[in-house]
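In what follows, subunit A forms one complex with subunit B and a second complex with subunit C.
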Partner chain A sequence: MELIIQFGVIAFLLLLGLVFGRAAEARHFRELKQKELILRQVLVFSEKHPPADQEFRGAKLVVGSVVIAEDYFKRIAASLKSLVGGRLTAYESLMDRGRREAIVRMKQAAREAGASMIFNVRIETARLSESDSNRQALFAAEFIAYGTALVPANRP
Partner chain B sequence: MEITNLESIPGKSITRHLGLVQGSTVRSKHVGKDIFAGLKNIVGGELKAYTELLNESRAEATERMLAQARAVGANAVVNVRFATSNIAAGAAEVMAYGTAVVVQ
Partner chain C sequence: MSWENPPVPHEVNVSRESVLAEFLRLLAGLGICVLILAAVLYLAGGWLARWVPFSTEAAWVGDRVIGLSNVVEAPADAEHTRILERLRTLTARVAANMDLPQGMSVRVHLSDNDVPNAFATLGGHLVVNRGLYRRMPSENALALVIAHEVGHIKARDPIAAVGGGASLALLMVALGGDARSLAPGIARLVQLGYSRQAESAADTEALLGLQRMYGHAGGAAAVFEVLDDYGREHREITMPTLLSTHPADARRIQRMREAAGQWNGTPALVPLSAEDGMDAPQ
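After this line comes the complex of A and B, so read on.
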C-alpha cells in the first residue's frame, strides 16, 4: 500500500513537471523570440577591441543574469537518459533558455544606457545546488552575460 | 568612476596602472525564499528570488571593488571580470575583480 502511494506521488510530480514545465518552456521560448526581435539593433561582439575608425562617447559595464531550475520531469528524464548516455535534450533546452535570457537582459541594460553595441561579451555559467540530507540535489544554474556597452559619438 | 571589461576606455588613455582591485560577498537566501524555490523545483523555470539575490550580490561586490579602487586613487576600473561560486548548500559567493587605473 505504502509503495503504491509513493509511486502515486512520484507519478503525480512527474505529470505536474511534464505539463507545467513544458508549457512554461514553450512560453519562455516564445517570449525570447519576441524580445530578441525587438533587441536586434543592439549588436553584440565577443571582440575585445572596438573598431578604431569609430568614436564612442561613453563606456558602461552591462550585465544580464538569470537563475533557471529544472523541473521534476526533466530531472527524471535526464537521469534515465544518462543510464544509456548520449544527448540530454532535457538539459540542452534548459541551458539554451538560460543563456539566451541572460543575453537578452544584458541587451536591455545596454539599450537603457543608450548604447547600440556591446563589446568583449563574456558568458558564464555557475551551478547552484542545494543538497539536503532529505532532499535530492536541486539543479539550478546561474547564467551571466556581461560586456562593455558603447554609445557611438555621432548619436544624439 | 568608470567601469569596463575592455582593456582600455575608448577615447581616453590610461596614464597610470594601480594594480588589481577586487570585491566579493557571500550570501544565502532566507528560509521563505528557499521554500518558494523548493516548490518551483517541481515545475522548473526561472527562480526569480535567486536571480534577484545574485544581482544584489553582484552590485555589492562591484561596490566593494570600486571602494578599493577609490582608496588607491583610481578613477576607472578596466578589464573587470565576474565570478560566481557555490561554496556551501544554499550560499554563493559573487566576486568582481579588475585593474584599477587612472585615465585622462
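After this line comes the complex of A and C, so read on.
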C-alpha cells in the first residue's frame, strides 16, 4: 500500500512536471521568437574590437541574466537517460532557452542605452544547486550574457 | 561596411524527438531490466536457500508457524483437539510413506479457517484449515493433500520461496525501498503457492506416497473436484492456494484420475472417520 502511494506521488509529480513544464517551455519559446524579432536591430558580435570605420559616442557594459529551473519530469527523464548516456534532450531545450533569454535581456539593456551593437559578447552558465550530497537538490542554471554596447555617434 | 545578425535556426539545437516518447521508451527498458534482474535474483535466491540444511531451517523457525499469523487461530475446544489428533496420526502415516530425508520432520497444525486450504511453511510446519478437513470426502483425499504439502517440504519449496523473496527484498532495498516494510510480505510468500514445476513435483510425490500408503491412488481426484466447486461458488480474492496452483485444475484432475489407474473401488476408500459424522461432506 505504501508502495502504491509512493508510486502514485511520483506519477503525480511527473504528470505535473510534464504538463506544466511543457506548457511553460512552449510559451517561453514563443515569447523568445517574438522578442528576438523585435530586437533584431541590436547586433551582437563576439569580436573584441569594434570596426575602425565607425564612430561611437559611448560604450556601456550591458548584462542580461536569467535563471531557469528544471521541472520534475525533466529531472526524472534526465536521470533515466543518464543511465544509458546520450543526448540529454530534456536539458538541451532548457539550456537553449536560458542562453537565448539571456541574450534577449542583454539586447534590451543595450537598446535602452541607445546602442545599436554589442561587442565582445560572452555567455556564461552557472549551476545553482545545493551541495552534491543532497540528492533532492533542484537543478537550476543561471545564464548570463554580457558585452560592450556601443552607441553610434550619428544617433541624435 | 554593414552588418546584420541573420535569424538563427534555433531549432537545430533542440532535438525534434519527443522527450516523452524517449522517457517512456527508457522507462520500459529499465522496467524490463529490473524484471529480468528480479527473476534471476529470485531463482538464484531460491536455489541457494535449498542448500540450507533442514535442521538449520527448523532451528531458525522453532515453534513459530510462519504465515499463520493471518490465519484464524482455532479455539482449543474438544473437537479441535480431536481433529488435530487425527491429522497428526494421518500426517505421521503419510510422512512415513514419503521417504523423507534423515532428520526431516513434519508438524501439522489446524487452523479454524473455513476456506478449504492447506499450506506447508518453513521448518516443516504444515497448516490444514478446518474448512478443508470438513469438505474432504475420504481419508484418502485428505492424505493426498497432506502428502502434497509434505512433498513441498521435502522439496524445500517453502525456504526456496523465502530465499527468493529475500533476494527480491535486497533488490528493492537497492532500488530505494524500505526493507522492514517488506518482511511481512516475504513471510506471506510461503502461502502464495509455488511454481508450476514445484506443484507438479509435489503432486508426483503425493501420488507416490498415496500409492504406497493405500496400495492405490483412488480418491485423489476428488480433492480437486471439491476445490473446484468451492472456487466456482466463491469468486473471491482469498482463493485457496491449493486451488490457484498453476497446472490448470482440469489437467491436475486428469492426472489424478490417471494415477488412480485400474483402481475399481476395491479396496474401498477409507471414510474420514466413523465418529466424524458431523464432518462429512455436505
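Throughout what follows, the second predicted complex is superposed on the first by the 151 of 156 C-alpha atoms of A that agree within 3 Å, B and C clash if a C-alpha of one lies under 4 Å from a C-alpha of the other, contacts with A are read in each partner's own complex, and residues count from 1 in each chain.
FYI, contacts are C-beta pairs under 8 Å (C-beta built on N, C-alpha and C of every residue); 3 or more make two chains touch, one makes a residue touch a chain.
All values derive from a computational prediction rather than experimental measurement.
Subunit B and subunit C, once both complexes are superposed via subunit A, fit side by side.
A count of residues in subunit A touched by subunit B and by subunit C gives the higher number to B. Legend: residue contacts after superposition of the two complexes on their common chain; A:55 is shown touching subunit B, with no touch to subunit C.
When both complexes are overlaid on chain A, the residue A:100 reaches subunit C alone and has no touch with subunit B.
Once chain A of one complex is fitted onto chain A of the other, the partner contacts of A:81 are limited to subunit C, with no touch recorded for subunit B. Using the contact criterion defined above for the overlaid structures, shared-chain residue A:92 touches subunit C, although it does not reach subunit B.
Figure note: vertex subunit A, arms to subunit B and subunit C, all at CA centres after fitting on chain A; angle 120 degrees, rounded to a multiple of 10.
After the two structures are overlaid on chain A, the closest C-alpha atoms of subunit B and subunit C sit 15 Å apart. Subunit A uses residues 74 to touch subunit B in one structure and subunit C in the other. By the touch rule above, subunit B contacts subunit A in their complex via residues 2-7, 9-11, 34, 37-38, 40-47, 50-51, 54-55, 58, 80-86, 89-90, 92. Against subunit B, the residues of subunit A that register as touching in their complex are 13, 16-17, 20-21, 24-25, 28, 48-50, 55-57, 59-61, 63, 65-72, 74, 94, 101, 119-120, 122, 124, 126-132, 135, 138, 140, 142, 144, 146-148, 150, 153. Per the touch definition, subunit A reaches subunit C in the complex via residues 2-3, 18, 32, 36-37, 40, 43-45, 51, 53-54, 73-74, 76-77, 80-81, 83-84, 87, 89-90, 92-93, 96, 100, 117. Residues 1, 3-5, 7, 10, 13-15, 17, 19-20, 22-23, 26-27, 29-30, 177-178, 181 of subunit C are the ones that touch subunit A when the two sit in their complex.
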